[in-house]
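Here subunit A shows up in two complexes: once beside subunit B, once beside subunit C.
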Partner chain A sequence: MVKRNVHATRMELSRLKKRLEIAERGHKLLKDKQDELMRRFIALIKKNKQLRQKMEKELKDTFQDFLIAASVMPPEMLEGAISFPKEKMSLEIFRKNVMGVVVPAMKVKRKLADDPGSIYPYGFVQTAAELDDAIAKLYRIIPVLLELTEVEKACQLMADEIEKTRRRVNALEYRTIPGLEETIKIIRMKLDENERGTITRLIKVKDIINK
Partner chain B sequence: MNRADFIQGVVRTRVLEKRLITKDKFEQMINAPDIKDVFKILSGTEYQNHYGKISSFEEYEKVLSAELKRVYTRMREISPEDYIIALAALKYDFHNLKVLLKEKIMDTDFSRLFIPVGVYDFEQIKKQRLPDGLNGTHPELQAIIAEVMKDYETFNDPQRIDILLDRMYADRMYDMAISSGVPLFVEYVKALIDFNNFRTVLRIQKQGEDIKFLGEVLLDHGNIEKEKFLYSFHDNISKFLYKLRNEKTGKALTGGLEAYLKTNRPADLEKKLDDFIMDILEPAKYIHFGPEPLFAYILAKEREIQNLRIILVSKFNQLPPAEIRKRVRKIHA
Partner chain C sequence: MHKIAVVGDKDSVLAFKVLGIDVYTVSGEKEARITVDRLAEEAGIIFITERTARLIPKTIERYDKKFIPAVILIPDNQGTLNIGMERINKNMEKAVGVNILE
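Right, the complex of A and B next:
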């Protein structure tokens, strides 16, 4: 931002110097923030990949068990068995601040947490044992699924924040700071020119008086 | 019971038995490259009559349900006594009762979950005011529904609906087998209860439930007393196997448990137990006068449908033939 139409005064110079100082400090801070965000973002991306692989593997196993249960039980019996859940689950959502980015954090709560069998809402005569395994695995996946949701959302929000920070850093680095430096340089040159003009005028006046 | 009354029924059943899918045909289906080829192999069988009901191979379940319904209708015509079919269809009646009660408590429409092969017409029953509306038509169902609903009001636990109805199902099945006076039926029911109790012990241990809960879910009337299972709950596997070895169904149970221990897959245990049930029905092949062949045919047909479901589900999910072969049950051939 080259400001050529500013008043070339000492007051303006000192105001711009102050602005330059703030801009340089802001640039350094934002650059640090961007670096830290990138570092955390890369860590989150790695975690996201691990969680997704883990979840996909566990879901595959669960579907395998469901598949076996579905193949040995008529579909009406399978659906009837799980149609009326015994357990009630609730989800608590919190906010977490990561480098100024508000990301979600979730926690699942079971109403019948003390009863290990509360996730199985059916009897034992008309259901296959694989159904127990499938349900148990599905229940075990829930925390992983929630963590993955958290991490994916955090990645998304952090990517937005990195983008915003990058724009700010670039704006400061390539527009604001060079613009201010140039304006300061122009004002300084103008002030120097004025000063030289004043000195020359004074010498001239002194010469006239001496003559 | 006059065994001579079953002569015609047995002869007709023997004809139907010839139409059961053979082991070779099952093997062809297992090796078939996809579900389309399984349907091609099935086209020479009784299942072909239901092909018109489906528009794509994914709707295979409609073919299986239609065939099950057809078998029960045909056997009701053939059988001179109703109790034979009622004994085989009892599981569907109790399944339908579970659906009916869940539907009523949850105030949701579960019409698609009824299996219309039981003795009772649940589409009619669900139109009645429950349980009092059944007083004149089905007092036995009224008593069951009233008891389960009362229990639900007290404990508010949906699992207890299934547990109570499972226990009533076992009691009813046992009473029917005893009143039929057919030793094979009694042996079948007792073995079924033993196997169920055995599976339940293993499932409860895996679920992390306690012995008190096990006491509530174990069924009466098996060859092995309930107490024996309860006392063995905390035993290690080898002690459990030792205790079971002299029981009537001990050989099957120990065989099943060994298979389970090898792979840690409950499917292997269930397959062994299902195969043993077919062995119990084996003598029905050599009985020419009596209700046994009719009952054995229904169960054989159910087993055939179960095997087809295993093959079709597996083909649909592209499982390799070796995996399918492990799951397919023994047939009544």
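Right, the complex of A and C next:
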């Protein structure tokens, strides 16, 4: 950003000084933003990791239960039992603002929320009890999955924002601000040099007149 | 109102159907990619098994920067491949520069 062939005028100097001031203020603000984002991100990513571990473990258990259920029932019976669900889950998404990053907040809506049996859309005569357990377990995992989704998405979006902010902070800190300072210095030196030139000229002129 | 979708091989994801979550069984890379891209327009969350996600890393990455959908990797009935964890670690390296939770 160092401009060497600038017009060495007072107007240019005051313009650059103003720019420098704004750049420094922006740098300070962005740096604060970056620090705060980082603080929140670290807390969030720790939670993300814990939630993922929990989810993976519980889901693994559930799959095992389903495997057991599948082994005590004929496969076509199992498929028939779970292929036509009564329940319908949908999602409401809200926008949440975290330090200028818009992250989703989610809420699950069950169509038959007042019917606790709606997740068992089959008759109990032909199906194994193991299947009921597996489904109940899977249903209990849904909130964990949902929380994980929120946290993980927020982490992804925040990581992106942190990277962007860091680039901006660095660009200001290592390119824009030193460049402006350097240019201001060059203009100052040129102006000073002009002034000294004028003084010398005046002294010389005075000398010639006096002779 | 958004959908919740699960994408993966039949044996792993069929269980989700009973809860009223939309289940899409896929096999092969092309089918997986088309399914995810189509779902991205209407689904709020796409749960995808790691074994399927492994085939289409570029497609999944593309949705990381978007507000919705959230593409979340889940293990399948053969266990986890640790891709989900790796994604968290990568995310951290991107933001912090180093992995600080190791």
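Methods note: the second predicted complex is superposed on the first by the 202 of 211 C-alpha atoms of A that agree within 3 Å, B and C clash if a C-alpha of one lies under 4 Å from a C-alpha of the other, contacts with A are read in each partner's own complex, and residues count from 1 in each chain.
Note that in this section a residue touches a chain if its C-beta (ideal position, glycine included) is under 8 Å from a C-beta of that chain, and two chains touch if they have at least 3 such contacts.
Model, not experiment: these values are computed from the prediction.
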item	value
Subunit C versus subunit B on the shared subunit A, clash or fit after superposition	fit
Chain touching more of subunit A, residue-wise (subunit B, subunit C)	C
Which superposed partner A:Q126 touches (first subunit B, second subunit C, both, neither)	first
Partner chain in contact with A:A159 - subunit B first, subunit C second, else both or neither	second
Touched partner set for A:P116, first subunit B, second subunit C, both or neither	first
Touched partner set for A:V72, first subunit B, second subunit C, both or neither	first
Partner chain(s) touched by A:S83 [first = subunit B, second = subunit C, both, neither]	both
Shortest CA-CA distance between subunit B and subunit C [superposed frame, angstrom]	8
Subunit C-contacting residues of subunit A that also contact subunit B	67, 79, 81, 83, 85-86, 120-121
Sites on subunit C touched by subunit A in the complex	1-4, 12, 14-21, 44-45, 47, 64-65, 67-68, 70, 72, 74-77, 79-80, 84-85, 88, 91-92, 94-96, 100-101
In the complex with subunit B, residue positions of subunit A that touch it	67-68, 70-72, 74-77, 79-81, 83-86, 116-117, 120-126, 128-130, 132-133, 136
Residues on subunit A engaged by subunit C in the complex (per definition of touch)	38, 41-42, 45-46, 48-49, 52, 55-56, 59-60, 62-63, 66-67, 79, 81-83, 85-93, 95, 102-104, 106, 108-111, 118-121, 134-135, 138-139, 142, 145-146, 148-150, 152-153, 155-160, 162-163
Interfacial residue positions of subunit B with respect to subunit A in the complex	61, 65, 91, 94-95, 98-99, 102, 105-106, 108, 110, 112-115, 157-159, 161-163, 165-166, 169-170, 196, 199-200, 202-204, 206-209, 213, 217, 219, 266-267, 269-270, 306, 309-310, 313-314, 317, 319, 327
